[in-house]
Amino acid sequence: MSHEQDRDYEQLRVSGLHAFYGESHILHSIDLVVKRGELVTLLGRNGAGRSTTLKSIMNMVGRRTGSIVINGEETMTRAPHHIARLGVGYCPEHRGIFSGLSVQENLTLPPVVRSGGMSLEEIFSMFPNLYERRFSQGGKLSGGEQQMLAMARILRTGANMLLLDEITEGLAPVIVEKLGEVLVKLKEKGLTIVLVEQNFHFAAPLADRHYVVEHGQIVEEVSADELSAKQSVLDSYLGV
Amino acid sequence: MSQSFDPATIHKAILEQQKADDRKKMMLNGVLVLLLMAAPFAIYPVFLMKILCFALFAVAFNLLFGFTGLLSFGHAAFLAAGSYTTGYLLSNYSGLTTELGILAGTAVATVLGLGFAVLSTRRHGIYFAMVTLALAQLVFFFLVQAEFTGGEDGMHGIPRGHLLGLINLENNLTMYYFVLAVFLGCYLLVQRVVTSPFGQILKSIKQNEPRAISLGYNVNQYKVLAFVISAALAGLAGSLKSVVFQLASLNDAHWHMSGEVILMTLLGGVGTLLGPVVGATFVVNIEYQLSQGPLRDWVDPILGGIFILTVLAFRSGIVGEINKFVNKNLR
Amino acid sequence: MSMIFGVPLAVLSGQLLIGVINGAFYALLSLGLAVIFGLLKIINFAHGAMYMLGAMATVILFDNLGVNYWVALFVAPLLVGALGVIIEYFLLRRIAGQDHIYSLLLTFGVALLLQGVLTNIYGVSGLRYAIPELFKGGVNLGFMFLPYYRAWVIVVALVVCLGTWFMIEKTKLGAYLRAGAEDAQLMQGFGINVPLLVSLTYGFGVMLAAFAGVLAAPIYSVTPVMGSHILITVFAVVVIGGLGSIGGAIITGILMGVIEGLTKTFYPPASTAVIFLVMVLVIMFRPSGLFGKEA
Amino acid sequence: AISNDTVKIGYLADMSGTYRDLAGPNGLKAMEMAIADFGGKVKGAKIEVVSADDRNSADVASSTVRRWIENENVDLVAGLVASSVSIAVSDILEENDKLGIVSGSAASSITNEHCTPNHIHYVYDTYPLANGTANAVVKEGGKSWFILTADYAFGHALEGDVTRVVEENGGEVIGTLRHPFPTPDFSSFILQAQASGADVVALANAGADTTNAINTASEFGVTQSGQTLAALLLFLTDVHALGVEAAQGIQLTTGWYWDMNDETRAWSDRFMEQTGVRPTMVHAGIYSSTLQYLEAVEATDSDDAQTVRKQMMETPINDMFATNGKIREDGRMVHDMYLAEVKTPDESENEWDLYKIVRTIPGDEAYRPLSESKCPLVSSK
Amino acid sequence: MSEPCVLETRNLVKEFKGFVAVDDVNLKIQKGHIHALIGPNGAGKTTVFNLLTKFLTPTRGHILFKGQDITAMKSAAIARKGVVRSFQISAVFPHMTALENIRIALQSFEGTSFSFWKSGASLNRLNERCLELLDAVGLAEYANTTTVELAYGRKRALELATTLAMEPQLLLLDEPTQGMGAEDVDRVVELVRKAAQGRTVLMVEHNLSVVSKLCDRITVLAQGAVLTEGDYDTVSADPQVREVYMGRDGSGERGAASAPNKTEAAQ
């Protein structure tokens, strides 16, 4: 157990990762390392392959080669459900709300994979909208409400590594602000977070490090304290 | 990125490509026509006619399924409407020339198709399939009950008669070339339809119906028209079939027939022009060969196996797989 | 004697009861279909064949191993369910995520295969199976003679239906299944062994069909083609109830049994067509079926 | 002379569907037995058999037969079960002047309104079935009848025949009920039949419908409540499937039964050795008709349809299938029919010991008289 | 306020089984304006859009387009009148080329859409206009590319071009920049600005920098009802709006702004 507390403990190591959708080769040798308790972002233009990287970690793409080690375990040949059981919580792009299930069912759906997750009360107090609509069908929520639900439901599972894909998409600024606070809290609890984000303004103050992805490769790594120094490089990569 | 693109150049390139595609299509059509013209000298004409009738049926079905995205599970009804109407008229009105009988059969199928279409096109997916199935079952029920159909025994001894009152169709070869002409006419029509302005709209409906609606299209009307054309052609196939075989039977109306045409289309390649033709040829052949040979007790299980294999191994159908192969290796 | 449309009331009540009994069969069969379609989005055209297998297995087990009805009631569905799992694992799994039509064709192929092979082995005249000793005979209800066996059918079918409904709509396992139906990949990403769940669900769905088959063995003629006749009707029932609606399948099953029964009384030739008529009407006015959620 | 020095017989039957057990693959066995018994050759010419599954479809049947005739020089088409198939095929035979022998079909229309100079209907048809059974049952006191009819041409014809016989004998049909084909569940209809209070519940249907109806009738205690069950078309295979428990006491008419005499038993034993089952009347008919055909070919040294048919019509048929059978000008082979009763479980000694023959119905009494025929070939008209 | 009003809603209400998603909304969109509809998640913005285009039927109230009551019209008819929406989720015809996508839209003016006997070549004369439109959104080079193969941002651009092909008088945009990177956001802002010339635009947008740059007038919805209305400065100064929507920071900016400077990042 002790090494799990260790801040230098390598929770995720991706090396030489290639990924394919059918014939198309999307990721071209991705390498990245995330330590326990770190919050790392993947930045990049649309279509760069950030979502695909997260999906590859979850073994949800067509074909992969390379190596992905989670908590010291090689997972290339593992089924997705096994990966989740290693303590990984995945919040997919475009929310993935189960539209036929009620909000409450959606929330309680993902099995608890570790102890230490949030309780329903905590979640509802964090997202009062969801509490109000807890008996509605998931599919009937507004876009933003769905986004909150998608985020909320993995907080319950106690996963200690979160893969979050564009969680601020379509959210009102107040909520985005609140989500920022949530992430800070989660970090304080020692969770490891990989964040794919377009909203740099949101991500910058939270992250320890940033990876820039372009054409399926990591082209730049920037740590928080290098931000201002590398501002112009980042700008050019992100097309600002 | 900064490179500028001149619309005129692009347009020219597009037109060039269209022309090249057209040429390819013409060549393929030419080959098809020649093959079919020569076929009766190598293969028994009645058998060929059977293939052509089913090929037409499958082409008609594919117009709806492959190009509009509507899976009808009731197309047997139109086949039967065509064959029974034509059969009845030719048997009972000896003055009627064959082509009039066929036209009348097609007309009845067309009207029936309109009825089906109006009732079903507002429904989507499986519901659409099931409504068409249900309607076809009602047609089946009608055909079983009605006196003029001969019930289980079907209609027999339908005279082939004379084309335009002149050309005797009793001769198998004459009959064959008549059927071939009709088939080719319909095939080319369908080819035209799918590339026509109307065909474009159908394609768009298939790919993204809500978007088509939001662009101001009353999609139901388009679906209805597509359905009616498809039903008319299916009816025509039935009419021809009744003249060729000189009989009309309940098999034409049974839901298995609706299933069979799906199999043919799928096996050949959904959404390709030639696919249904190839699929029909294949299925008719297989059924025939098997029922003659030592495996004749095993036709059903073998057909079942073919279903399974098709779905598992080559889902885009014979023509679809060939296209894929060509695109991958020869482009 | 009081008459309704020229039919004595007593006869009518008898017909109603018979309708409910047949409806219980429909309910069991359509429930299995609804489970498979609703949860796995598989259009299971092999359902009729599985029903047939249930009945055939009952007879074959008895003839060859002397397995009695009560044992068969458990063993036959389990065997068929196991076959279902195998079919799912080796065939259906490979087309997961493809258009519905493929599952339809695949299962149709499976049905043809099973049916054809058994026809070649056992012929089509039907196999013989006796009503279990316990249920021989019947009771005179005044308006009709009710064979004990039919009474048993209705009770046991309803119990199984309601149990299934409860499991799917009210339990956690059911929630997994419903969610898996929408986005299996994501469910797996949450740590649920979806492939296993899918196999078991399919197995369970066909088990329901096989169970109906066992119930049918003593009263209907057991032949390799017995399932193909009933398949389309059962599909109609599921559509009328609303595809994927578990409760809808059960209620509609019974309802259609009754409607069919009444048609058999008033205009028998239409009794197989009536369900399709109802289906057309229902879909006209309630596009997603009587109990379906909006499409 | 014999064309191509070969007598080619096409065996066409339902090999995989509803009527499979009636003729099917075992019918082909019977035909092969006949050819072997004949010696494998006629007048030095080869005897060849081709066979096909008609899939109960007139389409499939007609294209197969056309091909057989036009490409493969088939001289005789035999088997022929579903009436739609038989009618379609006989049209083609007439067109091409080839011969057909229908063994499996029930419809009496095949030698009535659908008669042709090119086919023979050999084993049975609905007329004697209705005639024999109804006659016997009415005479035993079953005066009021309730008829359950399969709702298609065949059922209607059978219903008509029964009604006529019942009324001629002073009985009365107090109700008829037309059920769809096929019907998996008969309880509703049986209930109505019970409620009708008729003396006799007659089943004017076939195959699975009949066995289902009989099963349900036994379940609902139709016979216990004093009603008689009469099945108009019931084959040995059906009764075998039902078992004597459910079928006991049912009266039926049949054209042949395997356990009638030493000759039939001997042949049946040989048949069973090959197939594992006892032959139906259709199997026996296929055997017999093939033999008769080959003898006619030998006698005339020709395989021309008209020549052979004429020869067959002129020769009385005497073999293990029929005594003094004769083929009429309408193509009907007329022979004695038998009224049988299904044995009780006590009487039945083994699974195939199913009937006792109650009465022999002379052929002329059993079949539709030529005077009532609608067949244009009948000269007396 | 001399400009006439293009679109007006009167007491618009939409209820879902006892839940009021849109509550008595009165909107007035002036001709030539870019009008934004903002508000917290679940405020009812998308629902309003759905009502305007009849993807949903209003429970009560009226919708007027250029003075004419269109409440009872069907979706397609409304689209043909010139009220065209683009979708919150990218909506294209995936297996057609970019050019064909636009052509479908142009075809609706042709009157030959039912001509199943006409050659497909008869559509070629629309190509020029298609290419113009594609060029306008920077997609000319992709004219012959199948749409599935386009990157997300380009699909959005294509969709917008398709929408413009409809010659809309009133353009409804639901979160046009959602899920886009900084670069694309800027492009879309430009596009919308261009598209808005001579037209009226009503848009839902959570990216306030976009709103502030583009919009002439803003309506804030909250819990289905109009909270306030005005130009960006007025609205963003409103304490109620800040509380329910913009938050303490109030900027609500996203990627469109350049990466934050050090001080902000350290905060």
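By letter and in written order, the chains are A, B, C, D and E; residue numbering begins at 1 in each of them.
Methods note: contacts are C-beta pairs under 8 Å (C-beta built on N, C-alpha and C of every residue); 3 or more make two chains touch, one makes a residue touch a chain.
Since the structure is predicted, the reported quantities are computational estimates derived from the model, not experimental observations.
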Touching both chain A and chain C, which chains are there?
none
So which chains are sitting against chain D and chain E at once?
B
Starting from the Cα centroid of chain E, hunt down the chain whose centroid lies farthest away.
D
Most widely separated chain from chain A, with each centre as the mean of CA atoms:
D
Here the gap between chain B and chain C, centre to centre from mean Cα coordinates and rounded to Å, is 33
Averaged-CA centre spacing for the pair chain B and chain A, given as whole angstrom:
50
Using mean CA coordinates as chain centres, what's the gap between chain A and chain D in Å?
75
Centre distance in Å when chain C and chain E are each reduced to the mean of their C-alpha atoms:
49
Could you list which residues of chain D touch at least two other chains?
16, 151
Multi-partner residues of chain B (each touching 2 or more other chains):
145, 297-300
Can you list the chain A residues in contact with two or more other chains?
none
Could you please write down every pair of chains that are in touch?
A-C, A-E, B-C, B-D, B-E, C-D
Residue ranges of chain B touching chain E (in the complex, touch as defined)
3, 5, 7, 10-11, 13-15, 17-18, 189, 192-193, 195-201, 203-204, 207-208, 210-219, 221-222, 225, 229
What residues on chain E touch chain B, complex-wise?
53, 74-77, 79-80, 84-85, 87, 91-96, 99-100, 103-105, 107-108, 110, 112-124, 127-128, 131-132, 135, 140-141, 143-144, 162, 166
Please give the residue numbers of chain D that touch chain B in the complex, ascending.
15-16, 24-25, 50-60, 62-64, 66-67, 70-71, 83-84, 87-88, 91, 107, 109, 114, 151-154, 156, 181
Contact residues on chain E for chain A in the complex?
16, 19, 39-47, 88-89, 151-153, 175, 178-184, 206, 208, 243-255, 257-262, 264-267
Any idea which chain A residues touch chain E in the complex?
44-47, 94, 129, 133, 136, 140-145, 147-148, 166, 168-178, 198-202, 204-205, 224, 227-228, 231, 234-235, 238-240
